[in-house]
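Chain IDs A, B, C and D follow the sequence of writing; residue 1 opens each chain.
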Amino acid sequence: MVALATAVGAVLAQTPVADPAGAAASTGAAEFWVFWILAPLSLAAAVSMVVLRNPVHAALMLVVNFFTIAMFYAVLEAQFLAAVQIIVYAGAIMVLFLFVLMLLGVDRELPTRVAQIRGQQPAALLLGALLFAALAVGVAGPFLGADSACNAPPDAVAAAGADAQPCVGLAAANEEGNVRGVARLLFTDYVWPFEVTSVLLVIAAIGAMVLGRRTERPEDLVDGRGVRKEPLRARAARPTGSTALDREAAE
Amino acid sequence: MDWLDVLIIVAVAVGAFALWLVGTALLIWGERRVVAKMQSRVGPNRLGPAGLMQTLADGAKLFFKEDIAPANADRWVYLAAPMVSAVVALVTFAVIPYGGTFTIGDRQISLQVWDPDVGLLWVLAMGSIGVYGIVLAGWSSGSKYPLLGGVRSSAQMISYELAMGLAVAAVFIYTGSLRASDIVANQAGTLFGPIPAWHVIPMAPAFVLFFISAVAETQRPPFDLPEAEGELVGGFNTEYSGAKFAMIFLAEFMNVITMSAVLVTMFLGGPNGPLFGPDIVRAVLPTIYFVVKVGIFLFVFIWLRATLPRLRYDRLMDLGWKVMLPFALLWVMATGFSVVLRETTERATVIRAAAIGAAVAAVLFFLAPLFSRRASEPGGGGGDGGARPLDDPRPGGEALPERAGDRPSTDRPTEEVGV
Amino acid sequence: MTLLAQIPPLQIPDIAWSAISPELVLFGVGILALLLDTAGPQRLQASFLVFGFAAAGAGYIALSTEQSVLPGLVGLAALGQFALTAIWRDRPRLLSALLAALGFAGAIGVTTWQWGAYSGRLVGADAATFVGTDSLLGGMVAVDGVALFTRVTVCLAGLVTVPLSFAYAEERRIHRGEYYPLLLFAATGMTLLASSADFIMVFIAIEVLSLSLYILAGFAKRDLNSQEAALKYFLLGAFSSALLLYGIALVYGVTGSTNIAEAGRAFSSLDAPQGMAVAAMALLIVGFGFKTAIVPFHMWTPDVYQGAPTPITGFMAAATKAAAFAAFLRVFVGAFAPLQWSWTPVLWVLAALTMLAGAILAVVQNDVKRMLGYSAVAHAGYVLIGFVAVNRAGVSGVLVYLLIYTFMSLGSFGVLALLERRNHKAMAIDDLRGLGRRDPVPAGMLALFLLSLAGIPGTAGFVAKFAVFRAGIEAGHAALVVIAVVSSVIAAFFYIRVIVAMFMEDVPEGVAAEAPLAPSTGMSAGIAFSAAVMVAFGTVLPFLLVDLADQAATFVS
Amino acid sequence: MLAEYLPVAVLFVIAFLFVALSLLVSSKLGPSRPNPVKNAAYESGIIPDPETAVGGSRFPVRFYLVAMLFIIFDVEAVFLYPWATVLRDLSWYGLAVMGVFVALLFESYYYVLRKGGLEWD
């Protein structure tokens, strides 16, 4: 027990606790191992989400994937983002997914459909490979050359002069706690996008109602004129074709 | 960080685990005893003093039972669901401070497993993962009633998660921090006279909202619809047996304890209380306070079960969406308002503002018809889809498949198709 | 924790109200319309509540800042909406439509005022000629010529769409109360997109406009075509948004900034090989290409344009394109001009492909709406010519083109909506045979719009094409212009085929005599207004428009 | 920096071991004598029909609606948490910013309520 604890302590001890200069912290051994455990897990979940035949299993793999992404955020010291990732993605969006999958009864294995357009699959593979290459270049970029304009160390910023793009660095960004750091940006520089997000939510609510509602009352579909003339019940009792609206349409 | 630190961390975690496992066993026993007392029965009294060993015996029995899985169950998900439930229920406890801080040698030990910056968001995050345990248990059983129960209960949980999240937000606003330790610290001292500065007083509405949501989240009576025996057999866990069932059962009771602990942390000062005596007593007292406060809430949970009848499902959803949600939203903004007001304004101005506020409230009251249940154009409505009269004989809430013929026949002017 | 002292206190930002005023107007009216619809029979009380709050707010502002113009306007608007509600409280959709029209008009008014305020802003030689620029609200909102001009384009499109929609939606029984609010929200998203100076804003604005349009495309939800349109638009739209977001993430990775202008500056100071920058730009082109319907990202266009309610189709084709092109321009021509070597060839090829594929595919269509959908693709190609020119003439050409295309598109789709309204079915070219004999006025209008779309000299379409072609030649892309001319000739074929069917052919045998067209007031007004603008810009006033667009060819930097 | 996650990792490991070992041990301890009737799904005595048991029936749309509305309001709540931490610094400005946001959310709530999105009949 003590030996184990010593080992864990030794690994964690290599992690610099705080960088006094406030510059970017170097990665420690713990980060290294956590990454190499999480990354294959994350990838495996993503791949099995695509490969698995049962939609519910695929959705669960997506949940696992979201969870590993949340852990990545946590490892990167973005705790708030990690919590939000779990609450919103894993907790809300995937539950909706599962509802739809389970309740629509599409959770049985479906036969693979043959591609209808000839050459669709090779083309999709080719384009997918291209996209992957583009993203790989993007991700690998910082390791290949001077591909970031972000002059992180203070002396580099000074050397770059007027063109400097000072990057804040993790330690400074999380100085007063991660949540406050997010809040500070969100409610000052990004306050306008934040307000516009509420517009987005209003529209989403409208969309859910307009497209999700099954029954609609007649007067929801036309202007008030014409429907008001007699109560609905009375009209419904008559044979169809004699409502005020129909008369109006016939005129 | 050396090995001693790691050992302390492990010890604190083991302490939390033990506290909480013993608590669960006691709760199960306590529930049976208390409910029995309230119903003028005796309850379990054979095993151990006052039947205290009954839970252990039940647990042991479940472990030796045959593990039956339905033929068309989804094996792995069927296994994973109770595990998710139980693990999540335990891990949620991590952010709860269950005791004070004391010093051994030169090391400060705080009886709280984890105090992250996101604090009690952890509880909400784990709560949303906990939904999976139930919905997956229901789905993977490959049987009708569990599926219905699972979906019902997850819909219930997400509905009440909203009010809960907003009630928590109000406390965060009042404290100015998400950390559990900050929230506890904010409740130290007294408000006036001997009354402690617990949030339950200034944040009373948030407390009520949170408590109701907590009952609904843990699916305790009167919100135990997922297990409504009359309608759904046993709900999502109908097909479970043996140790898997034990896990689900355990997770349910664990959640009750965790929710009580969160309530205590947020509203009743956590382990706060008067400290006295020698150092050793001072170190132990907070934990005792904490346990006692949690115990009170556990009793209330049990009391509710013995007293209240189960809600109808539509009433349940109505309460969550139409009462708690708007009220919580208003309370959050009111809290924010009062916090800012206290920071910026003098008392006299506040009183004047309160008068204006009262006037606005009066105006709102007269505009209350705006919030009547459903919009209806004059003369047009009254037909399909309007508000149901209270004496509507149709049974509420059963999730019957909706057929095309269910649509009201008065739905005459519909969209024109195929233009 | 010694570093804590270095944390600057929270700076409360200045809200540049004037910069976002058009969006506020559009969105405010949208929310008001939604509220009044939701309130149902209690809409008068709701309206009074809004009036009360607005008046109180305006009074407070007036007293505390001793200004009178802005609070006065707010108060008047509040009073106006209350009066309108009082008059038409039994006509909820009419009320909504009126509010929407007034909202669009108000947004145009506010933008015009901004234009006036900003035209004198620049110093030096540009002062008289160009609209000034500014980046406000923490670098989120751009106020520059392109933003202002596009805002006007979008709001004009909305202003015409409202009257075209009214009778159409009523007739199809899709006149839900959400229709006009969604239209206003879509326009809000478009103006936001046109004026976004930050990639975050670009993304959110695209989401706002797309989400509204997904719903509007599926608004006739009992119609399978409409459902199909909404679903296809949604799936492909979400996919393209994701690619755009990847691109934005890469830009942020390279430059450390999400601000468009700052990112551009950082890009230009990068060393070679800039692989990441190129990858980022490729992804951005895909994202914007989808919204502007450039080949090969146009696959959704014909299906969506065909299935969506016809006035919405017109609005989508015109306004979305205008807004997306404005952001596209600001990102590429404005900020990433230093990296021109990497993206001009790509867009050159895409432009050529778009023009040819759009025109050729349109030829084989029988459904008129679908044909116009493909023609919209081809028009995106023409706009791209001005784009790849990467000069002020090009930007001005793009702006002119988009404004004129707005009226051509709305006009032609408006006439189609009118015809569909009578025939209760989608219009194939055969259905138009002999229309010129029976209903000469609508047929004549349609012919006018089609000739303009074809770019026949003397029409506004010619002015638009001329503007972008000139810019293309100036920038040395003569080959591209030649391709454009070829494409125009192909396109002229199918436009003229419709005109021939209308005027030179007889009503087919065996078709019962149809009731004469009875255009509603709104539809007549919308179509007539579009036609009038067409004629005006085509014959009398082309230079005014080109002049304005020349002034507007400025970006924030 | 990862050290700060050690406690919760430890607790997770404890919880996981406890659950996994319990299940494992009980699967060894308990008898296993399956037969078709025992393994059939429980349907209150009715002979279960595997075809219609799961996925054969469709459920009302209101469950999806609830889930969708939940997402909308959940996202809103998520914005409230960071706001809580800086409200004292932002003061009236912060209150106004969130006031507008919440007012719009309230409008969409009102809309959903009045359009019958929350009815369970």
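Keep in mind that, in the parts below, a residue touches a chain if its C-beta (ideal position, glycine included) is under 8 Å from a C-beta of that chain, and two chains touch if they have at least 3 such contacts.
Computed from a prediction, not measured in an experiment: that's the story for all the values here.
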By CA centroids, point me to the most central chain in this structure. A
Busiest chain-chain interface by contact pairs, anyone? B-D
Please tell me the distance, in whole Å, between the geometric centres of chain C and chain D computed from their C-alpha atoms. 39
For the pair chain A and chain C, the C-alpha centroid-to-centroid distance in angstrom is 28
Averaging over Cα atoms per chain, report the distance between chain B and chain C in Å. 48
If you average the Cα atoms of chain B and of chain D to get two centres, how far apart are those centres in Å? 12
When you check chain D against every other chain, which residues touch at least two of them? 3, 5-6, 54, 57-59, 61, 63, 67, 69-70, 74, 81, 83, 85-86, 90-91, 94, 104-105, 107, 109-111, 114-116
Counting only residues that touch at least two other chains, what does the list for chain A look like? 8, 12, 80, 87, 91-92, 95, 99, 102-103, 107, 177, 179, 184, 187, 191, 197, 199, 202, 204, 206, 209, 214, 216, 221-222, 224, 228
Among the residues of chain B, which ones contact at least 2 other chains? 1, 6, 10, 116, 121, 139, 147, 151, 155, 158, 161, 178, 370, 375-378, 385, 402, 413-415
Going by the contact rule at the top, pick out the chain A residues touching chain C in the complex. 22, 131, 134-135, 137-138, 141-142, 144-150, 160, 163, 165, 167, 171-172, 175-176, 184, 187-193, 196-197, 199-200, 202-204, 206-207, 209-211, 216, 220-225, 228, 249
The answer for chain D against chain C in the complex is residues 86, 89-91, 93, 104, 107, 110-111, 114-115
In the complex, chain B touches chain D at residues 1, 6, 9-10, 12-14, 16-17, 62-72, 79, 82-83, 86-87, 90-91, 93-94, 113-114, 116, 121, 139, 141-145, 147, 151, 155, 158-159, 161-162, 165-166, 169, 172-173, 175-178, 233, 238-239, 242-244, 246-247, 313-314, 317-318, 321-322, 325-326, 329, 332-333, 336-337, 339-340, 343-344, 370-371, 373-375, 385, 387-388, 392, 394, 396-397, 399-402
Once bound in the complex, which stretches of chain C touch chain D? 9-10, 12, 31, 34-35, 38-40
Looking at the complex, which residues from chain D come into contact with chain A? 1-3, 5-6, 54-59, 61, 63-65, 67-72, 74-76, 78-79, 81-83, 85-86, 90, 94, 97, 100-101, 104-105, 107-109, 111-112, 115-117
